[in-house]
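Right, one structure below, let's go through it.
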């Protein structure tokens, strides 16, 4: 029934940043995998769990173009994530999903893409980035602006390296003032201000923005200044969730159930929500 | 001429249903608490109560429900899904507000993902409602477009006879009709007058309330702080509410074996929305009270076309600090005068 | 002038002089019998204050509302002797500064309200002394003794039946002035000492742990007992704890603001007849 | 004939006195019933009442709590604090119907291997007579089955 | 997840004969998280330890359980082995399947089952162990000794002679303490001053000792190795630096009739004075309350007299802040106020005196120059009655303990009296004669046999004056008949009691005290010199009544403890200490009240602008001893004990 998760086997794990892990999971049962393949689209999330500890919600960080496995990236903080972070290859964890809506990337075709992410919020963006990069020909220019508090806090460092060296991706990295290392070559400054310097034209451009609430707020302002229409800016919202299927009643912001109607929203939809409920 | 269930045949009625495979649940007062429990004899029933303290929701959405039993092995995990029993049950003597509560929650539990824990019980339950002839200071069904003899959510409606000898019986659904089969010989025809239903005053103007709540400006109103100042943040109003349905999922057990459970949770609790980061979107009692009212009289209606309140008044009746929906909605009504 | 009027005018005086920023008292409730907590911020509003035999709640809980006393300003509150003892405990446990609490003291005897002399918690030491001398409630003791007389197995069944009703709404905790923890033990999940689910085992654990945490701190205001929506006789278990600390350690909770917690202190000659 | 009932007993002991006393029983090759499982803590002061409840949940038929004699605590005062807690907790458990015979407290010094041996044997025998603590354990079994409704 | 290695030791036949180790290994191997499970004859042997180390390295183990003997036996052995293999030594647990299993059971099946359960529960515990690192605390290698009596002087000299700095603080104008008041000492009858004075001089002249007389400790902060002490130096009104101690000012001071404290009121002193002739430092102080100049601004004769202008009426008290690494408390005792004893007429009859009075009478430097003359009329008493246990061992007077020295000094007094008044008569009323100590019993025997001390076993019931005599009535319990003595003088062997301000002082420095006010040692038997507060030690009668040899021994012991502490610049402590969760602590301070070591302080949590957001408990790892009493007190589980965390114990219990 609806609360019964899929058993998943840990294939590998990677330390992304202090306290931040990525787990690569494969399906134990064929039928679960088939279900996932049939239903997963980029932007969706799931509940990752360990029996005995519980479940925790985060996005599927792998793209819809790669459905052989699920990757998830999370910060070790509570009871579940602490245990998940301990999982090694071969261990069994669980996954319930995919849930929620998705980034409408068909609609992005032929357009320029601007991805903006802050800190631990790169994973949801990364899912869309790869979903698009894996079909690179369908889209226009791709710009990725990613910032973190310090150099150590940047996640997916190996992929950042890869994007950096791709001709068809413009990667802009930045760290908050004070977070740079002596050999840091990229930008220093907060994402919104860097964005104003490096952003492509708003014309025919879709922006995908993920980050902590405070960053989202200032970045939306910056995008506004740059002429982006709120309906062309997509973001994801994350709230505490337990059921993931619109029953348990905790994730709503105003009348919106994040788990059912989200987690992907346009900036226009977000600004229609009661801001203090976010 | 209508069908009558004579009070003095109630025991026969119970026996007939039981032999037809039904469990019969009715209001019972035991250990200083009134609630629905299985009964075998009519004398165990407490049908004269205005309302049981606990709702019948308990029997469809239990306060704690095992979902999955797990057992961790060295290389594997055994899981066993715990399925609720498909037990045929008659709920006898339900009040219209409680019956409505079930109907109000049905769409939520069926919203895209069907929650079988609810529906396996719903589908096997027959709700026999008794119209109210008495009410108290807290009843407010009439304020939420229901009434002391509302049929919403009921399969069979019983209307007390004026002479107190029994009830006029009306089947409202196929399930209700089917339930009357085993007791057809007990029912008799009659034309006794029914007692007048309780008169429950309208305590607030729900339309005005809905309009005010729908106004985005109301969300940030200072009103919420004032009205909720004495709320202590317990969950008794939500847990005694026939329509509140929020829950938590928890794993519980020892080192290797345990049960994943679905437990009632309450929007009154700060932990309800607390992120692991420590950020809490609803970090004050006033925002939580606002959520409760908004959810019941604005959001829920937006999703499912109905307000999530059946007017039982338990929230106020049981509140340790004498708060409740009525007071708030009266105040909103007054705001918009 | 009755006490109600006297206190109303004194409250108005305190508010208008700025001596207090808020008066927490009782007002009319949703029915004739009910009294509810009211929060009065202006002299005019003091008309809402009611003081009669129905004013039984221990309002000291509200003093712990986050941020209420952090500006150093004073708040006036209507309290019975039990509530005043709560203030003493909260002061002893560093949760509030008793200097910021102005007390409208009263007591109820046979439904009649009687004013108590004093304004600061420390002024009421004689009243509390009298209360201690009078001993714990004989009524509760009688009720508790009925349970003491039956066998352990029967007692277990009794409490199992009672606790099985618990729905973990935490009204008992929320209404209690002593339950001020930032994180209740039941919300501790690493490890999960108390089963949070409201099955009988979890309910047993919760209610036992809460009673233990209230041992030597409960002032028998009855708030939890009255608040319990499923009518669990929490008064009895709390009374039993109060009796234990009084009998074993001569400890009466809330005697003064300097009182040390009973379970954080000891005497070398504490009784230990049960230890082998 | 059914198997004789073998109780499960959990002991929470301090490392300096009772644990050492139990060690002494071993080095002296004294013999006692194998029903006891010892959890070692630095001091009786560390023993929280929750331990007892969890032991009962895990099927203990009796719990023993033991530490240094008053005045002998390695940490000077831990056992005095513990004694107060026990007094209160024991009264609480008793009032809620958890029999006093099942929750025992003792002082056993590092020299009292014999006392430890005797206590474990007596306790085991007492609980054998008393039978399993089904009333409590039933609470655990009930939650493993369906919701009652 | 965790990778635990479990090593099942046979201990020769010790374990293997009663525990089916193959079964144990089989069961534990199937346990979740167990990466490897091996058995071996002796894991504590070198090859055994090598096996453990190799497994740790090869399997990247995150934790180790050795199922073998008691952790009290080999925990350190295997911790070391783990550390050598690169695993944090605290990621080890010992499952005790020998002392608490194989050796005590007789049924192999049962023992095996128990061994499995023990091991399993420790596997679950070790999964939740945290890496711990020894706590290093810097040590200020300077000691403070509080109290300049014989105990304090001895401790100071011992520490100083070993090369460490010492600050010796004494609140009186001179060091010396009670010992300087004593005439002769038992059991040798050598002159107290003669043996004490050289030590006083040595102390004050020692290059490593700073003597601060007329000074009091006002505040102590910090913890072992790192105390900050505030000392109030009271104004002397005499410049220490220049005064030569000539004594002219004392001679010239017109206010002379002040009862001398040192002489117990039997002699007088002036307003500017040194307590006694041999005072160290030999610098007088002005008693402000008695000085005419301070009363009305006139006089100042001392100032005029002083040839080097050392009198300074403008001096003020000063507060000095001193950093020290350890503290010896040697604050001594006082004589019980005998006015409690109405029945003995103390205070009513001038010739009823205390033992200390008698010391002054017998002292060659005393007011009577060593002649035994009674206070009332200066006549030599012909009959002296001594009453022992005048206060001690008397519940009704609040002193249940034995003051320990009275039997001895009373015998000494009787002897001194007999030596000075050859035809005098003594009667000693006693309960028991407690003369345990080297040469002590011989001493009392000498008093009886050589000096004819008249011991009467019994208590005095009544004492009154009649015709210029003190009539002492009692019962001779040995003969079973009443006794009545007409005495010229009565000497009460009064109890030794704590200093009047002992309890307040204990609170200032943060140590415990008993119901009387004697300071508490950490452990009566095993740690009699330490207090429960690490870094603070006790010496002398402030802990309990003691004679001089005992005080000196304890002082030297305290010094040895401190020198041990000072042997390194950093103090390494076991990391088994408590920590507080700031986010959940409600600041009720119950833990701080319960802590036997005063290891818990209040700490302010501030926001970026420095505003206090909340105040939480904070454990000082330098002081915490790891008992965990705070943990079980905390209602919100906001404090935890490393090595025995809530998570660990929960897992251990839940795996049983």
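By letter and in written order, the chains are A, B, C, D and E; residue numbering begins at 1 in each of them.
Criterion: a contact is a pair of C-beta atoms (placed from the backbone, for glycine too) under 8 Å apart; a residue touches a chain by one contact, two chains touch by 3 or more.
A quick note: this is a predicted structure, and the numbers were derived from the prediction, not measured.
*Asks:* Keeping to the contact definition above, tell me which chains border both subunit C and subunit D.
*Replies:* Common contact partners of subunit C and subunit D, which must touch each of the two, are B, E.
*Asks:* Tell me which chain's centre, taken as the mean of its C-alpha atoms, is farthest from subunit B.
*Replies:* Measuring from the centre of subunit B, the most distant chain centre belongs to E.
*Asks:* Does C-E or B-E have the larger number of C-beta pairs in contact?
*Replies:* C-E
*Asks:* Point out which chain occupies the most central position, where each centre is the mean of Cα atoms.
*Replies:* If one averages C-alpha positions chain by chain, the most central is C.
*Asks:* Please flag the chain sitting at the greatest distance from subunit D, going by CA centroids.
*Replies:* Using the mean of the C-alpha atoms as each chain's centre, the farthest one from subunit D is A.
*Asks:* Find the geometric centre of each of subunit A and subunit B from their Cα atoms only, then give the gap between the two centres in Å, rounded to an integer.
*Replies:* Spacing between the chain centres: roughly 39 Å.
*Asks:* Taking each chain's centre as the mean position of its Cα atoms, how many Å separate subunit B from subunit C?
*Replies:* Spacing between the chain centres: roughly 32 Å.
*Asks:* Averaging over Cα atoms per chain, report the distance between subunit A and subunit E in Å.
*Replies:* That pair's centroid distance is 63 Å.
*Asks:* Quick one: subunit D and subunit E, Cα centre-to-centre, how many Å?
*Replies:* 36
*Asks:* Give me the residues of subunit C that touch two or more other chains.
*Replies:* Answer for subunit C, listing residues that touch two or more other chains: 190, 192-193, 195, 197, 199, 202, 263-265.
*Asks:* Can you pull out the residues of subunit D that are in contact with at least two other chains?
*Replies:* Each of 49, 54, 57-58, 71, 77, 81, 85, 143 in subunit D touches at least two other chains.
*Asks:* Which residues does subunit A have that touch at least 2 chains other than itself?
*Replies:* Within subunit A, residues 78 contact more than one other chain.
*Asks:* Within the complex, which stretch of subunit A touches subunit E?
*Replies:* Interface residues on subunit A, with respect to subunit E: 86-88, 91.
*Asks:* Under the definition above, what is the set of subunit B residues touching subunit A in their complex?
*Replies:* Contact set of subunit B toward subunit A: 67-68, 70, 72, 75-77, 79, 81, 83, 108-109, 111-117, 216, 219-220, 245-251, 253, 255-256, 258, 260, 262, 265, 267, 272-277, 279, 281-282, 287, 291, 294-295, 298-299, 302-303.
*Asks:* Can you list the subunit B residues touching subunit C in their complex?
*Replies:* 31-33, 53-54, 63-64, 137-138, 229-230, 232-236, 238-240, 248, 250, 252, 261, 263-264, 266, 269, 271, 316, 318, 320-324, 326-327
*Asks:* Quick one: which bits of subunit D touch subunit E in the complex? Just the residue numbers, please.
*Replies:* Residues of subunit D touching subunit E: 8, 10, 15, 19-20, 22-23, 25-27, 29-32, 34, 37-43, 45-49, 51, 54-55, 58, 60, 71, 74-78, 81-82, 85, 117.
*Asks:* Could you pull out which subunit C residues touch subunit D in their complex?
*Replies:* It is residues 144, 147-148, 152-160, 193-195, 197, 199-202, 204-205, 208-209, 211-212, 215-216, 236-237, 240-241, 244-245, 248-249, 262-268, 270-272, 274-276 of subunit C that touch subunit D.
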